[in-house]
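Following are the structures in question.
Shared chain: chain A. Partners: chain B in the first complex, chain C in the second.
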Partner chain A sequence: MGDNMSELLNVKNLKTYFFTKYGTVKAVDGVSFKVDKGETFGIVGESGCGKSITALSIMRLVPDPPGRIVGGEIVLEGEDILKISDNEMRKVRGKKISMILQDPMTSLNPVFTIGIQLEEAIKIHQGLKGRSLRERAIELLEMVQISSAAVRYKNWPHQLSGGMRQRVIGAISVSSEPRLLIADEPTTALDATIQVQFLRLLRELQEKTGVGLVFITHDFGIIARMCQRAAVMYAGRIVETGSVRDLFDNPSHPYTAALMRSLPKLEEKVERLASIEGQPPPLNDDIQGCRFAERCTVAEHQCRLSYPDETEISDGHFVSCWKF
Partner chain B sequence: MSSLLELKNIKEYFPVMNARIFQKVVGYIRAVDDVSFSLNEGRTFGLVGESGCGKSTIAKVILQLEKPTAGAIYFRGKALTGFKRGEMADYHASVQAVFQDPTSSLNPRMRVADIVAEPLVINNSQNNSRSDITDMVAQTLMQVGISPDRSKCFPHEFSGGQRQRIALARALIVGPGVIILDESVSALDVSIQAQIMNLLRDLQEELNVAYLFIAHDLATVKYMSHRLGVMYLGKLLEHGPAGKIIEERIHPYTKALFSAAMPSHPDLIKEEVVLTGEVPSAFDLPEGCRFHPRCDRAMKICSEVEPDLKDVAENYQVACHLYP
Partner chain C sequence: MIKSNSPMGFIFKIFRPGRYPVIPITIICIFILLAVLGQAIAPYSANQIDLRERFTPPFFMEGGSMRHLLGTDAMGRDILSRIIVGTRVSFIVAILSLTLGGVVGTALGIISGFYGGTIDSILMRTADATLAFPIILLAMLLAIIIGPSLQNVVISLGIVLWARYARVVRGEVLSLKERDFVALARIAGASGIRIMWKHLFPNIRSTLLVLLTLQVGWVIIVEASLSFIGAGIPGPTPVWGSMIAKGRDYVTTAWWIPFFPGMAVAIVCLSFNMFGDWLREALDPRMRQVGGGG
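== the complex of A and B ==
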C-alpha cells in the first residue's frame, strides 16, 4: 500500500447521507480507501451504489441540503479537506483536485468558446494574463491532441464532436496541474473507438504530469485496462479492495465473484451467464447486516445480523465478508 | 431454417433543406445505404456499430415507422408493399420492439396490466374477450418473471430491470415472430443485464421468435447473436456468422472496433488499433469506401471505388478492396 511519502489521498470511513422526507438515505456509509501518487485507482459498482457520491464528497460538492458528509476524513497530501473552510476548499478544488464528468455536452458552457472556458481555469489558478494566458490555453489544447488548436480555440462547444469536447474538459481539468484527478464515467457517453482514444490520452497525461487518478466506472473492462488497484462498491460500501489482478484472478467477495460471472466476455465462449437474482436494497432501509446478504447464495444467519469487518486476505487485498 | 424477414437493398435517405423561405433540397443524409440481410426463425441477428451508423434507422424501417427511400422488405417471402390492410395489421403484430429506456417507453399514467394488454386490445385478431385478455396478461407477465399480483401497479413502482421485463411482456403478448431489441439491455446494470439476456434466450428457445439485437457493446452482442452485421455510416461492412466474425475480424473497421473493446481480464490487454479522426458526416460522405479516411490500410482504389459486399466464405461477406 505504500508508505506515507507516496500517499496522495486517504479516505477514512467516509459517510455521506441524504436527509429526505422518506428518511435518511445512506448513499455512502463508511467508505475507506487510499490512492498513491501517480496511481490509477478504480471504483466500480452498479448504479446507485454510491460511487459518484464518493467522488462528489471528495470534491465537497455534495448538494446540501439534502446531502451532507456526516463523518469520516478525506486526507489529501496530509491535510484533512473536510476540516478546511469553504474558501480554502475553493482553492483546493480545481487546483489540487479536478474532475471529469460523464457528459461532455453539459459540462461545457454552450455560450462561451472553449478558449474562454479554458482561460478561465488558468486565470483563476495560475494568474496568467494576456498573451501568455492564451498561449498556455493553446498549448493545453495541443496537449490533448486537438488538431489546429489555434483555430479550435475560437470554437463553441457545439462545433466539436463528443470526443473532442471530452478532451477539452480533460485540458481544463489538468490545466492547473492537479495532484488528483477524479474521472467519473468519463467515457460512458463516447463510442468505442473514441473511448479508446480518450483513455489513451488520459494515460499519457498521467505519465506526463504524475497525477493520481480515481477512475469511477461501471465497466470492469475499463478497470482492467486502466487501473492498478480498484474497489468494488455495493449499496454505499466498499465490499472488496485489491490490486486489479487480485480482483480478476481471485474475486473473493460473493458479490464481486457473482458480478464477474455475469459479465459477457468477448474473448471466450460463455455458455450461460450467471445472473444475480434480485436487486440492490433501497438505501433508506436500516440494514444492520451485510447489504448483499439478501442476494447472496452463501449468506448465513450471521450475515444478516451485523456488518462484517474488513479482512486482509492477502497483501493489499481486503474483503468485507463473514466468510473470512 | 426459413427466412422470416428479409431486407433487400434498403436505403433510407433524409432530405436536407436549405434555410430559405422556398425550401430546396440541398442534399441527403444517407442514414442507411443499401443494406440487405435476413432474420431467421428462432435466431438472433446482431447489428453493431457506433452511434449514427444507421442501426436504429433500420429498426424504424422494419417497424414501418419510416418508409424506405428504396429497397424492399419481405415478410414470410412476400413483399410488404403488396400487403393489404389486414395483412399489414398482422405484420405489425408479428414485428414488435423493445427499446433502450423502459422509463420513457412505458406510459407513466397507465397501469402495467393496461400497458401489456394494449397491443392485444388494438390488434384483437382473435376476438379475445376481456377475461381472456386478463388471463393472457397474467400469463405473459409470468413468462417474463413479473408477478401478476403487481399488474395493477404503475411503471414507476418497478426497478429498471423489471420495467424492461414489462416492455418485453408488451411485445410478447401478441405472439410476434420478430422482436427488435434496440439497445434493450444497454441501460441496465451488469447483474440485471445478465438476467434479461438469459430471459431473452430462454424465450427464444421456447417461442422460436427471431431477434434483431441492436447494440454497441460487442460482448453482449456476442452472447446473444447467431449472425452478425457490422455497420459503418449506413453500410454493412461485414456480415456473417457471429462466431466467425468475432474470430476473424476481416474488415479493417471491424478490427478496430473489436480492438477498442475493453478486455475482460488484465492479462488480455492488447495494443488497441487507435483510429485517427472522427466519423465523417452522413451528409457529406467520402468518395469511395466510406471508411478509407480513417483506415490504416487504405489504397488508392479505396478513395475512388466503393467496395461491394463480397463472399469470403460461406454466408460470410466483407466489403473491402483487400478481400477476397
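== the complex of A and C ==
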C-alpha cells in the first residue's frame, strides 16, 4: 500500500508521446500530481496543453499507435496501473476509474434507450439482474435529479436535452461506484445555467459517494468553484500546483500570473482584457529550457538553457520556475 | 418537379417517404408467395413438354387461349408456370448470396473499421481487388472449373457482395467509433469484441437492412445474366435468365417467350429498389418521431 492512507492517485513523472511522421510529439512530458480520496483536483490549461491526454493516460486509453505512455508511474490505491495487464486494466476501468467526456451529444449510443445503457453499465461490474437491475437504474437516474425517472428511463437519447444527457452520463459513470472520476471539460458543451446545475450535481454526487474527482477545464471560474487544489498545465508540463487559494491569491509562475491578469474582474472596468503575447511552442520541438520562456516577460538566459525543477514555495504550493 | 395531380405525380405520391410504398410491398409479397408455393400453384408442371402446343401466344393475342395465360415456349412448356417456379430459384439465390456476403462483409467491415492499421489495409485492398474483378468472368471461371450450378452462382455473388458490404460497413464504423459513446464504453471497461457487437453493430443495422433490400434487385439481375450466358443455374430448372436466353432466338416470331421472364426480373427488381429507397428514409434516425419512445 501507499505510504499515505488518504492518497488515492499519485501520478509520477508521466510521459506520453505521440510518434508521428513529423516527429515525436511530447504531449505529456513529465507530469506529476497527487489526488486524495474524496478530493477535487483541477487541471487547467489552454487547448492542446496535454490535459486530455493526461486523463486518457490515466485510463490507459491513449490511441496506440501513434501514442504511447513512455515513462512514469500512475499509482492508484497503491498499485501502479501502468504495470498491470490489459485484461486487468479493463477491470479497473469503470470499476475504479470512470470518466465523463466533453460532448453529451455523442456520449450516448443513439440506438438504445438510456435505461438500457445504464443497465449495461451496472451489469458489467455489479451483476444485478431483472427487477433489482431496473430499480438500481431508476435510483441512479433519481440521484442525478432526473425528474420522473421511471418514465425517462424509457427515453431515447435524442429525446433528452444536453444537460439531461450529461446527467445521465454522470449517472452511468458513478453507477459502479468508482474511486476516481475524471471529468474532462464536462460542462464546455452546456449552457451557462445548465453548467452551474451540473457542477452542483457533481459536487453532490461526490459528497454522497466520496469519489475522488479530477476536473479538467480551461475555465478558472470552474476551478475556483469546484476544486480544493489545482495544477496549471502549459505545453505538456505542470508549471504550478497548489491549493486554489494559493493559485488565485499568489500566482507564482509567470504563466499563471499572466492568466490571472487576463481574467475579467468584476470590480474593474477595462476596455480590453490583458492577453499573453505569442503562441505555445509546437510540441514536436525539442526544447531544452522552460517552454514558456519565449512568451515570458521575465525570462532570463538560464530559462532557455534547462528546465527548472519544481520548488515548494509554501506548504503544498509547487512552482517550476527559475525565479524560485 | 412532378405535379401531384398528374398520373405520374400520383404514383410518386404513393411512394413518398413516410407513407408505405403499397405497390412495391404488394408485388414483393406476391412474389414471395409464388416463391414459397412454386409448383403447387402453377397451372402446369414447369418442365412438361407438349409439342402440339408450342409457340402458343398469350391469351390476349389471336390464337392464344386461357389454358396458357402467358403462352408457351418452343417446346410447348407453359411460360407462366415456368416463371412461377423460377421465382423460387431467384429468391433462393438472393437469400443465400446476400446472407453469405452480408455476414462475411459486415463482420470484416466492422473489424476493418474498428481496428484499422494493417488489418484494415489488408482487408480493404482485398475488397478493392475483388470489386475490380468482373463478376461475370468469375462466375464463368467457376462454371468452367466445377461446372455450372446454383452453388457457384451463390459463391460468385457472395464474393462480390462481401466486398460491397465490407466497404459500406467500414465507412460507417470509421465515423461511429470516433463518437464518445464508444470511448465511454471503453471507459466502462468493455472489450473490443463487446464494443463491436453491442455498440457498433446495432448502429449499422438500419444501413445494412437498406443495403440488403437494394441489393436484392441487383442479385436477381446478375443471377439472370449468369444464367443467360450459361454460367448460371443449368437446365432444365426453370430460371428467369435462361428463359430469356432461350427465348432470344424467337424474339421476332414469339416475343412473349423472352418478354415475360424479362418483365418478372424488371418488376421484382424495381419493387425491391423502391422498397429499399423508402426504407432508407423511413429508418433515418432523424425521422424517428420525437416523444414516441419506449
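Methods note: the second predicted complex is superposed on the first by the 315 of 324 C-alpha atoms of A that agree within 3 Å, B and C clash if a C-alpha of one lies under 4 Å from a C-alpha of the other, contacts with A are read in each partner's own complex, and residues count from 1 in each chain.
In this text, a residue touches a chain if its C-beta (ideal position, glycine included) is under 8 Å from a C-beta of that chain, and two chains touch if they have at least 3 such contacts.
Quantities reported herein were computed from a predicted structural model and do not represent experimental measurements.
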item	value
Fit-or-clash call for chain B and chain C when the two complexes are aligned on chain A	fit
Partner chain(s) touched by A:I276 [first = chain B, second = chain C, both, neither]	first
Partner chain in contact with A:A183 - chain B first, chain C second, else both or neither	neither
Touching partner for A:R90 - first (chain B), second (chain C), both, neither	second
First (chain B), second (chain C), both or neither touched by A:E267	first
Chain B versus chain C as contact partner of A:A121, first or second or both or neither	second
Partner chain in contact with A:C321 - chain B first, chain C second, else both or neither	neither
Which of chain B and chain C A:A137 touches, first, second, both or neither	neither
Once both complexes are placed on the shared chain, angle at chain A toward chain B and chain C, C-alpha, multiple of 10 degrees	80
Minimum C-alpha separation between chain B and chain C after superposing on chain A, in Å	7
Residues of chain A at both interfaces, chain B in one complex, chain C in the other	none
Parts of chain A lying in touch with chain C, wherever the complex brings them together	59, 61, 65, 90-95, 97-99, 101-103, 106-113, 120-121, 124-125, 154-156, 158-159, 169, 172-173, 176
Chain B to chain A touching residues, read off their complex	50-51, 159, 161, 189-195, 197-198, 201, 216-220, 222-223, 246, 256-266, 268-269, 272, 274-275, 278-279
Complex interface listing, chain A residues touching chain B	46-47, 161, 163-164, 191-197, 200, 218-222, 224-225, 244-245, 248, 258-259, 262-268, 270, 272-277, 279
Residue numbers on chain C that touch chain A, as the complex places them	117, 179-181, 183-184, 186-191, 198-199, 202-203, 205, 285, 288, 290-291, 293-294
